[in-house]
Amino acid sequence: MSSDAHAVHDGGTGLSNNKLLMWVFLGSECLLFGGLISAYLINRNRFGDGPAPGDIFDIPFTSVSSFVLLMSSLTMVLSLSALQRGDIRNNRIWLWTTALLGALFIGGQVYEFTTFLREGLGYTTSPFSSAFFTLTGFHGVHVSLGIVMLMSLLISSYRGTLRKENSETVEIVGLYWHFVDVVWIFIFTVIYLVPSPTT
Amino acid sequence: MSEQTAELTVGGDAAQPLGVYSRPKGGGGWRDWITTVDHKKIGILYGGAALLFFFVGGFEALLIRLQLATPNGTVVGADLYNQIYTMHGVTMVFLVIMPMAAAFANYLLPLQIGARDVAFPRLNALSFWVFLAGGLFLNCAWLFGDAPDGGWFAYSPNTGVSFSPGHGMDFYAIGLQIAGIGSLISAMNLIVTVLNMRAPGMTLFKMPVFSWMILVVQFLLLFAVPVITVALFLLLFDRNFGSNFFNPEMGGDPLLWQHLFWIFGHPEVYILILPSFGIVSEVIPTFARKPIFGYEFMVFSGIAIGFMGWGVWAHHMFVSGIGPISVGAFTLSTMFIAVPTGVKILNWLATMWGGKIRLNAAMLFATGVVSMFTIGGLSGVTHSLSPADTQQTDTYYIVAHFHYVIFGGALLGFFAGFYFWWPKVFGHKLGETLGKWNFWTMIVGFNVTFGPMHILGLNGMSRRIDTYSPGFGFELWNMVATIGVFIIALGVLFFVLNVILSARRARGLPPEPPDPWDARSLEWFTPNPTPVHNFDEDIEVSSLDEFWHRKWTTDENGKVVRKATAAEVCQAGDAENVHLPSPSYWPIVMSAGMPLIGFGLMYNLWLCVPGAALVLMAIYAWVFEPPDDPDGPFGHGHDDHDDHGDAEAGDESASDEGAPQEEAASVE
Amino acid sequence: MQRFLRPAGMVGALLALAGCAADAELDTLTPKGPDARTIDALSDPVFLVAGVVFIIIFGGTGYLWWRFRDDHSDEEYPEQVHGNFRLEILWTIIPTVILVVIGVFTIITLTDLNRYEDNAMALSVDGDTTTWEPEVVVVGQQWWWEYRYYFGGTEGLDLSDARHLPPADIVTANQLVIPVGQEIELKMSSRDVIHSHWIPALNGKRDVVPGRTTYWKLEAEEPGVYFGQCTEFCGLSHSRMRMQAVALSPADFQAWVDQQVQPAAEPTDPAAIAGMAIFESQCARCHVIDGVNDETKGADLIANAAPNLTHLMSRTTYAGGIFNLYEPDGSLDRTQLEAWLRNAPAEKPAYAEGRRGMPAMGLGETEIDDVVAYLETLGTRPSMDVIVATEVE
Amino acid sequence: MSTDTPTTEATVAEAHDDEAHDHPTDAKYVRIAILLAVITAAEVATYFVDIGPALIPTLMVMMVVKFFYVAAWFMHLKFDSVVFTRFFVTGLILATAVYCIALTASEFWSKG
């Protein structure tokens, strides 16, 4: 890393524009998820005649899918680390693993949603149900977008354009991915593990 | 949208040949404008669109005042009136003041920090087109005869589907959502621009106050827009998918909407006013011929306002039934936000003190802001007293208050900016005589319109009423206010005339020489109008007001003496082979898809398919677009907008095998 | 209404003008009750301070224009002053100190306004003497106000579903009748959207929120009529949602209660009997008359309620307080009432087809006459003082 | 909110050094992941074992620790420029503060 006077001077931070953009965006996302989580918390005991959160949550199942998402952060960082070493093969393997773990998490969410639906918790059942599905749905959409990004990285990798020198791209996708993971860390604790109201 | 596009940084060399991905090749005329990524053109587009919406919103204001001129008015019915006042508010806040601030920010921020462009030129174009799509989408509601009628604040459950069964509030929710995407992208872009693209030597504390205020505003947008995004999503889901967030019948809580809306809405107030504070802080020093008094205090008070703006939202809810402890806490936080605001006003006055004031149109408008905003600020203090607010809120006293802030503060500030920077943008000054007519009619009309509203409000006239009965003492001042609004309209007419006549007068004449005002900041280093590449070369900045310091110095007696003329200091603007980012089709294509998705959500979900297809196609094409157009007017090579910063990209291309590769930055 | 001329010059020319307005029944600067007076005592000095600050800034700007204008007398450049730390600190501290003082008084006032008295008054209801802690349940709906009196107290009353409330001793609309000199506690909610209850001469406003209970209070010092207006935008006819507080002496209030607790009298006049039949077949779907129908069946409206008409004639306004029931001479304003019965939506905008507001009933002219004849039997006409004082235009 | 440039410059230099030399090894990443897994297991265990009033504080502490480790190591905040941390932390603190106040005003803690 040369101390290129042009690159690092008083007029800028010398940081990559793209990476800075992603961090700025993640700062903004905190307010988005904060709003959704607050909307959930305010509504969690407003379940009316529908199922209550404390009765319907399946903690063991959600624990497994949370664990899956958590481990996908590890594989994400391993894929970046591989690419930074120029190890294209391991980079692809870990990208694939991350995407698959993400997909597994989404699959788990779909399963959870259908179970809830069967048990009488529809989107319109109560303020609690609306808030729950909206919050976890928004998170699910974020994970899905992350999977799309990972797949795009893989496509470009197979086209030979994802190389060591583009590792920042993987790093930026990784930032997004880890952010979605930390949001889930929060959701898992506050929404699932903190005891919820029961009927 | 931005999160995907920001990420898909996929190398492009293998993907280029397909024709659709080639960059636009000049073409001239309107094609240049719709594909432009030049921050200056985008700034002009923002300004033009904002002015257009200003006329729409102004027309709505005329109708409101005509309806209220006399008791039992019959100009429009109750239903239409509710739509008009809602759209007047929404238009003026989201489609006039915010984009006009964006116009100034886009045009001037890169120039003031000595940059060639913003950090992400295509995202910049995208944010404009997305804003325009949102604005047009909102106003489409008129064509469908179903405009939003729940007020700009859209309190639930009145905006729920039971009480607002038409599509009006869907237009509101989706239109603002789209416009919000534009604001968020713009905010992220300008933050990165300020942090990474400043000229060598320009530390943050050598930035002009205007740039500072714009930076603070971008932070407010960055954190406030997601909150309204959440609120609008919840409203949309409630209305269209049967969720129960704000539906009390199912146990939902209408106050949740109020909290979310005002958590956004109060920072929004500062989003509206701070750009104007920035403009005033540039105009007053220039025409008082003194540096801004207490620069650090001006900057810190701006930051303090931005920061404190997050802790006062519930003063909009003093009467909504939140507990007395909340009311007390928000009473105090609201009061003390007056302190940094007062610091700003006093510093402006102190800047004028001991100066040599040239009272031209720009300066008149700027000092107009100082005194008119003071009225708005002081009436603001009177209703920060929560007990007093229980008498004042939702009356015309509040209407008077926020018009003194938004019209007397923000809008007059923009007019100051027009007169000040017009030569920079268009190469000629606006006429002074008409400018003074413009100022005096507007300031008189403004006070005749909104001054009486203080009295009306204290006399008990409620807001948002389509008519009132005689006998409450409202007749006189309503008539006066209606007369006033026509005086304002006359003032606007003078401005339009001025624009037309001064352009005609300037035709065939050489452009205004650089530095028509003996100005102080970096944008005046370049000729008028600004050349397409902004600066011939980087400017080494060593102080605040760098431009002024290159022209003037103080002799041993402390007297200010000239050391160089402006012509000697300014750049010629004739640099060649400056690499500039190439234009692109995709920002406008992507934004065109969004209203389609909106219409689809309202009328027929199938319409979402072409909309989503347009967006996806644009994202895809955006990512694989080649970095440059070899045949374009700007030469070739990499996009040059990252010339300050982005060390990695430069290092990588230098270090590796030299294969052609796309810089990360060009993919934005 | 009495006119109130505020001593001019007290809070500056602008506010003096405000106080001078004729017929300003909604004026916020002429308090007639202790709560409004408390608020006024807080805001008046602040208006004064704000006025002084404004004059300083405005005058200062004008002075600077004049004093430091560039008169081109010389070419000298003004001295380049960059700032003064002490001045900055000074003009940070001075406003802070002013605001701290104002803040202290504000918090004191806020505490005062949130303190509810434990007052009580003896009241005879249906012959039984009870102790009433004066409180009234206020329910807002599109676009009128309902006032419900529970003389047995409102302990345990759940307002979260205001569409289904337990029967009350008195149910009236648009005119809040209160005893003078008593602090009346208001427990408020809404049946549809958010409204705001505001009687400026007696106290500030407070929203009524569906699904929630909000608390407020008011007290009148003198017998009289105090005008009010819904101040939270509540849809189409928001501007036509008004109310009045009618403060009566304790004796008059007792008399009013005695009337109101009675069910409606059986009509005897043939036209009125015919009118009652029409009421039962048409109007009773929404309106309640004690002795004819009751609230349990629910109104055929989204809000599940229309004004209780048992003592209609004891009120002086209707349709959200926008029409006079009586002419100034005390006779019934037949023209307006018939027009209302003929085609209500033409008189007051409403979404009748959306089950909000009174629809056009499609009654023939004789039927309308009969209904008016029946309505005339409902309740006793109030005193001429009240009729004159409550008149709206 | 602001970045004062001199320190930034220094941090940038450090960051670049880190990228070149001190980047955590894969083994380190795996160790972090194991730690995260263990904490998650402990979190889940609270569902089965009653620990009384300490439950919520314990959960919060474990959550924050997990959050911190992912942000610091996987998102490289520990090694990267402090500018990034500031953005993220500003967003986090602002969101926490604002929404906690909103929840308080909505009487969430007392009626939750």
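In order of appearance the chains are A, B, C and D, and numbering begins at 1 in each one.
We adopt the following convention: a contact is a pair of C-beta atoms (placed from the backbone, for glycine too) under 8 Å apart; a residue touches a chain by one contact, two chains touch by 3 or more.
Source: prediction; values computed, not measured.
At the far end from subunit D, in terms of centres built from Cα atoms, lies C.
Central chain assignment: B. Criterion: smallest distance from chain C-alpha mean to the mean of all protein C-alpha atoms. For the pair subunit A and subunit C, the distance between mean C-alpha positions equals 51 Å. Computed from the mean C-alpha positions, the centre of subunit A lies at a distance of 32 Å from the centre of subunit B. In whole angstrom, the spacing between the mean C-alpha positions of subunit B and subunit D is 34. Those residues of subunit D in touch with two or more other chains are numbered 3, 5, 16, 83, 90-91, 94-95, 98, 102, 106. The residues of subunit C never reach two or more other chains; the list is empty.
Residue numbers of subunit A whose C-beta contacts span two or more other chains: 1, 8, 10, 13-15, 20, 24, 27-29, 31, 35, 42.
The complete set of chain-chain contacts reads A-B, A-D, B-C, B-D.
Remark: subunit D residues 1-5, 16, 83, 90-91, 94-95, 97-98, 101-102, 104-107 touch subunit B in the complex. Those residues of subunit B whose C-beta lies close enough to touch subunit A in the complex are 2-4, 6-15, 113-114, 119-120, 184, 187-189, 191-192, 195-203, 222-227, 229-231, 233-234, 237-238, 241-245, 247, 250-253, 256, 260, 263, 541, 623, 642-653, 655-656, 661, 664-665, 667-668.
Considering their complex, residues 1, 3, 8, 10, 13-15, 19-20, 23-24, 26-31, 33-35, 37-38, 41-42, 44-45, 59-60, 63, 66-67, 70-71, 73-74, 76-78, 81, 84, 171, 174-175, 178-179, 181-182, 185-186, 188-190, 193-195 of subunit A touch subunit D. Those residues of subunit C lying in contact with subunit B across their complex are 14-15, 17-18, 21-29, 36, 38-39, 42-43, 46-47, 50, 53-54, 57-58, 60-61, 64-65, 68-70, 76-84, 87-88, 91-92, 95-96, 99, 102-103, 106-107, 109-111, 113-114, 142, 192-194, 196, 198, 200, 203-207, 209-212, 214-215, 227, 229-240, 302, 322, 349, 354, 356, 392-393.
Interface residues of subunit A facing subunit B in the complex, by the touch rule stated above, are 1-2, 4, 6-18, 20-22, 24-25, 27-29, 31-32, 35-36, 39, 42-43, 46, 48, 123-124, 126-127, 129-131, 133-134, 145, 148-149, 152-153, 155-156, 159-166, 168-169, 172-173, 176.
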